[in-house]
């Protein structure tokens, strides 16, 4: 789609490589994960137990240059990309969080969101804690630091910390001697492990492994802690199998890069399947199926394949993303979507068009695109969303807007159809979700669609 | 494709708008034309006969901000994006070229290349000319200035200037009172005209008109001069119909944005047709057709449609382009293509793949992509190029490399196939070119493929 | 002098102004205090209990612009300039430190150095504290946060915090409702208070009050806490008169701007007096007295006045300080001092010159300047230092180098004279120090000269 | 003084050095000449007849860095600093001007102003010239290029060019093989030559020679052309002795760095003498003499010496100059001078003060400083200007404001005194000017004071 609608909080990458250029590998890994966060990014490296780092606001390509990377020497590294939330961007929130505590330095990079962060913050505050960021990563760091006081090792402290955390967290902790990857017991967010020669790599998605030529080894189990020390890998599984595995289903539908494979399931294939079931649930007589780029394309192909209606390239999206994009003035506002997304007229002119998008959030963008198609000569526009309607907030690391902004909370299906100006409208059913991840060896969370969350919300 | 292979020199945009924010419209117009040049960009505006301007190295989004745009007030504007050639980037070469001469100020923005620039430079030098840039735009400016001495108006001077110029030039001249669009008598490069309310717009491609919501009116005729003064439009046609119209065929195949329509012919449709004829000329028994993004996608769809082999999304291209991209070190070089382009494994695994690309220049990138497909499990890889083999230099504004770098000049077809590791290989025939622009009311130049140029090369 | 020799850690500024533009006043105040720190700077403002801030590496003029200042609205503000220590500059260390704790937000800006920071850090660590900076400001913040848990107000917490701190600290704490200025019980670093209309201002030096047109009211007493809330000023004096007042004597001789008045004593007058006593202690038969800019000028005038030898302008210092200064290559190294400091030949040629500098630390710069004077035709060069020889480290916020680098620790007086190539050499005696601050109503610390410190060093 | 009052257009530096790092030497040379221009700067180098260059807006320290300097290799270099005129800054005007013409590349750096530039431009325009800058340097370049067509060498072309130029020009021309220094036949602006080993250097002022450790050799004669080719130095003197030598007297009084020696006369000594004669012409009974920094200091010392009144340090000037300085808002305007210039109260309090400044232009700044002194307790303030009153424009490269802005054109002496609030006022007499450069072997131009210009103004 043309403008960011639902954002995820982060992507993480980490590498242990006794021979290689860890910072550079992390740079490429983060570049592959850039879709998971564009606000800020950072890399921390560990050279002989000494941790140095660099982080700033901006894209990976803009923040880092040769000179900066050259200074980041080490045999372990952890990196992070962070999502640009609305409101004021805070440089303080950039990760990895690098800090000193009773046992030396650690760096932490975290993807996810804690459900109990207010309680955690309160508990920490009453012991005199101070907070310099607005991230829950800082609270996790505090908890680790506190637990470390009464445990014999950093991994034990991390293990005990898990007891305090409720919610989504895929994270990396780099201590003077160890690289530690952790995944929450529900497995909300992906986190995988790979190898390349002697190097051991962790990443939010497999596409980051591919980008540096590493082989995928396996996903971390929900609740698992993997400790890398001097090339040795050890797993701590005390928190494994404590909860059903509830992977975020929207990772498959939208967040993940289509070439990533999560829990054995290709994201692209999921989207194709979503399109396929959408065609079954909402068939229509039409001449062409087009997908709204980028994430509607796979579902559109699935819809086309299943329905037998030809697939067409319906849009061209302007791919040039600079540091600043000047918003159109009021007089040009109606036209604003066209600056970033144009219609391929010859594909749609005089045709009955099925327009497949990954989701419909507020409805305003869909309305503009439908209008664009009509202006370009589409005789009919049938809108299909490969995700069910958003009805509930997400508490696990994505920024689904509040209910008063969600079109599906405020309009009937017919009302939405009318609002966006479509000839017909269909959303994938919640029931179909289980069918779009046939290869995944896990359950899923569909709380934003169903309102049923795998943990109790405080 | 994954790395820029053949570059074009420029894109131009101009607007006369008595009511509107000309600089802002030009900003969006240039943003839509960004694919025609990423090295530098600039905007000159005319307010009450006074010309001011801003230009710098970089993308439109990076060079301009609100503050700069706000200062560029006026009722006429001309803008330019410039291609990043190899070698040292020169800020002096950024356009529009703004200068004073005997009759006041003018600004010139130019897309194209003169065949007789060495001769022109020599002729100007022996009268004492000095050159501050390395562009032929400066020579055009000189010629206009000289012709203006003996003519009664700027448009007459421009008209006489055409007599001195051989080659490709689509350009805009903004004088204190007039906006003048000019196209060379061969019509090598596109240049169209549009309207939006009282505003009159010129642009290299129709996609720029779309981006600001303007209506396409017509293309300039080859050799035509269109003069806008105070809302009045006048055409000078002394140089029209002097030569056959020879539009660059590679505009259709590669340069233009697929949503642009040139001389009545959609670029996307041309590419679809190229794919279709390619399927006829080089059929193959296979399981899936994939296009190399971005410009191979349309041709791949055409190939799939014609051949009946299913179309698949074969690749994911990393869309994040920052100011600087750090090249992989030697040890990672083999993997470099994967940083920007990854394979969708589930699309190609275990399959016989037809891989359609827009062209093959040096062969190195094709080799890497073929290799990537095989690593991802493709059983066979059949490469198809929707452009014929590059065999000759281009003298009209694109940077086809020298013959010693062109793979087709140095290898037989079988040699190229072997070099890139394909199971079979096919290039669109030169003969098919005439069939891919059925809606175009013009002839074309295919000099880079055929060695036959519409003008004599000095 | 020509290169920074002894650096101080910081300057602070704060303002309560119900009517005015607090951020802008702080900007000018920090600009006046820029000599106290050039590494980084920052401003935090409080608008209706909400604290926002901006800080970065660089000079005040480079970090802030109109747009940033305009966003920093509020009726209270606190600002900070930080000294550029050697080694890697850390953006994390920039101040004010803005944080959340059990009672909301606070911002802290601190000038000084704690003697017991290692112990403090240890004590905090064993309760599970994490540290994101390498400043003792963070430890102070922790201590305040902890004390606040068992006290009824922020000022009480600050009051209790003082019990934990040993060393130099002049600091500002801004809470949601209050602006609190604090000075350590020894009064090592200056901190004064002023008024302008309804506004109440705190600053490290009076020159910052002057710069915004405020009237000096008084210095804070050593150990005093001044609380500003809604225009009301209240003083807490529990820690006043606990220790003798030991103002850093080097503030008078070097750190403070000459136009600042500290504890009733003008810094310029102190330097004049130092020159005067230096003339008494080390008289010499000479033709001209020149001062090494900038801080040697006042002392040189004192020497001239007392000795009757004419004062002359001996040097021109290049005043252009950019973001980066490229150091001369090896072949130019001998000449390096001359790039920043040139001799006024006509002042010294053929003359016996008394060259007065503010201090001699390593001797290398003095050697270069003496050499420069001789090359310019000085017949004799008599070096006088208006500070006694540095013999000991400073633990209270300045970076006197280690003893192995201090020329006075490694050479006899005669040895130093020979090393720097002077005809004679004289340092102000330690005994004279008490005579150079006749108007000051305080004692002083001369630990770096005498090795006698007012607190025990752990 | 505290704000730039009269600006000069430029400073030039050039070096031929077969062994050395020419760009780096030029960098230091320009840094020493930074006071002659702060708007933009640039360096062009010549490596084996190939000229490359870098220039931008900003201070030398901000524009250049190691990376840029490292790329500027060569055995000849020419550099330029440009004065920041009001109005929009134009990057196009930055120098050296590097261009191609009939005989290859040349680079030109120019200090001065042509009286006949409008005529020159007209003459060039009617031959069809185009102008990309608003500098007269471009016209000089054109003239050289034209003359080169009918002459056998670049130096002959330069020699003939002089015939066309009326006004001030000290300039450097670098051709593929030669470095050519030229001075106008009146010798308005300084230009000297030095050596360091095999290197030959040209610079606007001797302080630039000092900064790189070069030995001063001689000034260029008015009208002289010095040609350096492969280490050989040749002088062309056809235009020498054509006019009386009329060096700009304000170079001595204000523009030149005090440590520079022009035509045998130290600038500092000139200012001392100006102060001395000022004391004779306008004696007063007072307690202390203070100079307004920076350029009033030397004259103040002269006044003090001659009058017997003690010299004092009266002001502290904030030396931190960043890229941007935010101007005070209206409510703070009255206080604005104090942000950059503060009074040393203890020097002036309760005293009758003689305040010596280098000149009085509009009177507004003097008024503010007088006011500042009174607020700081001065009992009387007697203002003395070491330059006569500005009454006429300068046509030779400085920006004396128009007559309606010059206080001396609009008020009587008594009126000015009253306006600035002084107890008495004195300007150096025009007659005394001849006595302040006793060591100079040249005449001078005092047109801005006397209205008598050495050339006819068109």
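Each chain carries a letter (A, B, C and D) given by its place in the written order, and its residues are counted from 1.
By definition in this document, contacts are C-beta pairs under 8 Å (C-beta built on N, C-alpha and C of every residue); 3 or more make two chains touch, one makes a residue touch a chain.
Owing to the predicted nature of the structure, the values given are computational and were not obtained by experimental measurement.
K.L.:
Can you name the chain that lies farthest from chain B, using the mean of each chain's Cα atoms as its centre?
P.N.:
The most remote chain is C.
K.L.:
Could you tell me the distance, in whole angstrom, between the mean C-alpha positions of chain C and chain D?
P.N.:
36
K.L.:
Once you find the CA centre of chain B and the CA centre of chain C, what distance in Å lies between them?
P.N.:
That gives a centre separation of 60 Å.
K.L.:
Find the geometric centre of each of chain B and chain D from their Cα atoms only, then give the gap between the two centres in Å, rounded to an integer.
P.N.:
Computed from C-alpha means, the inter-chain centre distance equals 48 Å.
K.L.:
Residues of chain A that contact two or more other chains, please.
P.N.:
In chain A, nothing touches at least two other chains.
K.L.:
Chain pairs that touch, all of them, please.
P.N.:
A-B, A-C, B-D, C-D
K.L.:
Applying the document's contact rule, which stretches of chain A touch chain B when the two form their complex?
P.N.:
Those residues of chain A that touch chain B are 20-21, 24-25, 27-28, 31-32, 34-35, 38, 58-62, 64-66, 69, 207, 210-213, 257-259, 261, 266, 268-269, 294, 297-298, 301, 305, 310-313, 315-316, 318-326, 328-329, 331-332, 334-335, 338-339, 342-347.
K.L.:
What part of chain B is in contact with chain D in the complex they form?
P.N.:
Interface residues on chain B, with respect to chain D: 52, 88, 91, 97-102, 125-132, 134, 138, 141-142, 145-146, 148-149.
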